[in-house]
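Below are two complexes that have chain A in common, paired first with chain B and then with chain C.
The block that comes next holds the complex of A and B.
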């Protein structure tokens, strides 16, 4: 049998767009330091500022509200770290709030930073989510106190794809005088995102989830919002993020979002149709399954499904051997014994959480890929269940 | 390309692709001894069933089923082959390290998954002794309390190491050992080193996370 290759792990990272590769190749020769005043430097500066305008306009921000950072993780670390910043070195507004409100389903770069802040005396509240992964807005209302400096709620979840109602969240947060950050790493470039429309004060995005390279991201910081640099040193990014600019990465990110503004709308529709086909096919062919994530408010290409009696890592590897790449939140794949904190937060029983896989489709996937998946997956599950000590087929 | 970073050896893959001795129909198999270990809630569970030649004290057949990952599947498949024809006493002593050797090595963070099979096998052997009225042969693995304050045993420390604890701090996080008077610290550190070297030889591999 000829082996097909299907990459269904676009939430982990994406293959670079051919046009992005071209832009990178062209930028390779622009080696000047964007801070230099001579022609070499000015050329690099021009590219950097051009990319800044593209990214800013893509999310409805002003160029001076956007700073480039080394990854989505760095962006999230930077914003959370403004909490409790009262150092006189900062020329920016400081944020003296001593409390952080976030959710149980954030990416580890937010959760670990929150833990670290808690060790340093910041009080952290973790909001629950419902079975579809939506934040409980009433709990949010009750969790913000006058000492809350920052609320950080991800826009779209990487594991289950659920999209939060950021607009409603921002109203609640601002009515109570706090600031709102959203980790939009999985959202920007997949669904429309406009910072003014959403009303957020801070937002993080990352290039490698939208067909750009790894190691480059950007943060939106609303004008006059408090700020405190995480990386200090030179005056790059107007003193907000030291370090000579990653010209090549920045150019690539700029190109990636330009392409997104052209391709996103149609692709979103196409992915939603593919996901529906996949969801229906799985539901028809395989018994005893659970889909996790909001049925409609979710990323167009993300489908998370759990199979009773089958362990996630085993599913992942049998699929891998058939040429299909997916992810799992199973404990065995992660080396800890607890399955995905996100799936558990939705209230799915632990034993089911161990059997979940994440299928995330992107621009290169086709309906043929979906068909191939549907021709392989039922056998894989049947095979694992056939040797499972935890599966008794229901009659 | 496929082999780059492929964390499993060809033997593991082979047993994963074609697992041997699966217990498909327990009623038809009519085991002489049956052992179960692990728990579906923890993400891994193993059932081992054996047939025994009473006169010779030899395992004649060994079957299994699992809710587990690739490592659990492959290591139990290998184990089930290894112990066929073995004396009960020898089978009882098969260690995770021997299974691991037979498999050509597992990635370090997967080793805790591979100890399920031999644990279930020991339970099955004990079950056989119990069923055949040889109570005196049933062995219990005795645990020693190391930390009196928190009542933590050496078994629990071993378990924590197998589950990924590599530093004193991680052990404390997992087991709460040595978090009160601290008198046991030296003992705990010694055990930590011992269990690390008992189960692992390679250096730490980073754990993947779901991004």
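The block that comes next holds the complex of A and C.
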């Protein structure tokens, strides 16, 4: 009997949608440089602009407000780097405020860029979150000064799934004259996202979280918002991101969002039911656990649970042997021995943070996968806890 | 009869090699995040590291000296930005020299980044080139001061094909204690390139110039050379370039260089013969022309020719109607009405620079393509010149 395979790590990355794969295969022969003026170039340009319209329309933006980038990380780095702009070459270089407000639970690409900006003289304030991972809006109000250039708050957290009230945040930020960026890499394509409705100035999204390929993402830059390119050179993306366009990736991202606009609503409901089944099953079968993340304002398929007396990495490896893929946090933080900064920010003690795993479900998962997980996980946890003298002593 | 199609714009981008397309198709189902610890992640990681070994080996580097980036432009921006490093977060942050020496004929991604660095206090010296596009080595010697942090000189020019003597340049640069970067995007895979033999500290390459896909490139960073990431965040690429790895692109780049190592030598000879046939044919059939670029130290398939009394863009469009794709210079500079900065740097007068086209041949081109070009081009030039009152008056 072949071992059952369950991929529960859709927040790290997703298997491509069959239709996206088909779109890639179909585009393999379209090789012109979209910047070239001849027929080959014009054909490629047409595909790129078609995809731009699809992605823009999916998030309620105008095509000229969208630029394609190589990853969510590049997108977030690009927007934050506006605060580091020092030159007259930049468009609308009015982002004179040199202070950044962000949160303790951002993705490493925001936190590391913030650290770098701090080294370059930008004052950075990190907002706390409550036990469910929600940003304290009163603290936000108190943190924005007249010198605040940018506020960057992620829409949905990659590790615990908590979704922020970006609409309320945007009102607070704009009332105080600052600009708002949201890292929506985990939100776009999973829950409805409309830049106009949310009132954000900048937003980042990525293809490989929503059944598209790796190596392509997009950034929304509100018309007339300040901007400074991270990658300079050719006229691509209206001079905002140099480098020959990744035509295949862009076509695939366009297809991925088109599919999301059709499939997302039903899938969201299905994933929420699956997550609830999983949550109840774990709570019934395994003692001494803590669910982390907001109970309702949360990504439909993301469940973060911490097991006392069990290391997350051990759980991950035992589940891997059983054919189940989960993670201990952000894939981007793998290799780090530190407990998750997100879990710690929710106030869970270090020992619990070490014992947390992230289960993230996607379109290919079924209720059978949930049943299989529930048949495997209790034994895995019991076995690991049995090896833990600290946990054993407590019993 | 179907119109003949001739793609003579291989320096802008190339059609993918059938084996590269196959490699992409085969990799579509490998979706794990290479940073994930489970089986899906490990599989993707294995493919990424295999490709890294292929690319490193192709240029004589060690795998840990190579990082994957989203484009040649990103690679060049990354290396130049070392001069902008101001923070203690950077590795080997010993690039204390704050002066940059580069040339007037670099790609826009180097020139624009240089301008930006100048705005940030970096002193930039632009070296002249002679009529064949060769850098003046004596001027280079005189331009490097003890404050020079980096010298950046492209190996092969994208517009005129001239290849610099990087080995000699490297000796001069290192004798004076500076570091050398070479933009080898147009050289790698077309002529032999070995980083140890050349003695460079940094080198940039790109997949889509050598029958791979767009959206993926690589940067060689000599072991222990100073480095500062352009994109910060996760641990990917040993912390040097954050963002989930573009697995498919990386696999395709690996395959592209593997194929180059087999096909390059024969193709180089064939392209040089084709170029010579084309050059002779044009010289015989069309008066008042100027070939630009070094007669021998040049990319095998690149021929830049300027026609007095004819605008490059008009030639491009007429050829496009005849099914032939050429360019007027860098695709990255399309849309610009300025004459090519490269052609001007060789000393050709502005009116001649306006009349230049770049013919760049690649692996799919045949001698029949050359014959077709030679049967079409004289009429195109004659027709355009006939419309040019200035040219007509001279006759």
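Definition applied: the second predicted complex is superposed on the first by the 375 of 395 C-alpha atoms of A that agree within 3 Å, B and C clash if a C-alpha of one lies under 4 Å from a C-alpha of the other, contacts with A are read in each partner's own complex, and residues count from 1 in each chain.
As a convention for this text, contacts are C-beta pairs under 8 Å (C-beta built on N, C-alpha and C of every residue); 3 or more make two chains touch, one makes a residue touch a chain.
This one's a predicted model, so the numbers in the text were calculated from it and none came from an experiment.
Chemist: So in the superposed three-chain picture, is A:309 touching just chain B, just chain C, both, or none of them (first/second/both/neither)?
Modeler: After superposing on A, A:309 lies in contact with chain B but is clear of chain C.
Chemist: Pick one for A:277: touches chain B only (first), chain C only (second), both, or neither.
Modeler: A:277: touches no partner chain.
Chemist: Could you say whether A:12 touches chain B, chain C, both of them, or neither, answering first, second, both or neither?
Modeler: Both: A:12 reaches chain B and chain C.
Chemist: With the two structures laid over each other on chain A, which partner does A:77 touch: chain B (first), chain C (second), both, or neither?
Modeler: Second partner only, chain C.
Chemist: Under the stated touch criterion, which partner chain does A:351 make contact with: chain B (first), chain C (second), both, or neither?
Modeler: first
Chemist: Using the touch definition from the top, say if A:388 reaches chain B (first), chain C (second), both or neither.
Modeler: In the superposition, A:388 touches chain B alone.
Chemist: Contacts for A:329 in the overlay, against chain B (first) and chain C (second): which applies, first, second, both or neither?
Modeler: first
Chemist: Mind working out whether A:158 is in touch with chain B, chain C, both or neither, as first, second, both or neither?
Modeler: After superposition on chain A, A:158 lies in contact with chain B alone.
Chemist: Touching A:317, do we find chain B (first), chain C (second), both, or neither?
Modeler: Both partners.
Chemist: Per the definitions at the top, what is the overlap between the chain A residues touching chain B and those touching chain C?
Modeler: Residues 12-13, 107-108, 313, 317, 327-328, 330-336, which sit in both footprints.
Chemist: Contact residues on chain A for chain B in the complex?
Modeler: Listed in rising order, the residues are 11-13, 107-108, 158-159, 309-314, 317, 321, 327-337, 339-340, 350-351, 354, 358, 386-391.
Chemist: Over in the complex, which chain C residues touch chain A? Could you list them?
Modeler: Touch list, chain C to chain A: 7, 9, 12-16, 21, 24-25, 28-29, 31-33, 35-41, 69-74, 76-77, 86-89, 107-113, 115-116, 119-120, 206, 208, 213-216, 230-236, 242-249, 313, 316-317, 319-320, 323, 325-328, 330-336.
Chemist: Report the residues of chain B in contact with chain A in the complex, numbered from low to high.
Modeler: Where chain B meets chain A, its residues are 13, 16-17, 19, 22-24, 36, 40-47, 65-73, 109-110, 112-113, 163-164, 207-211.
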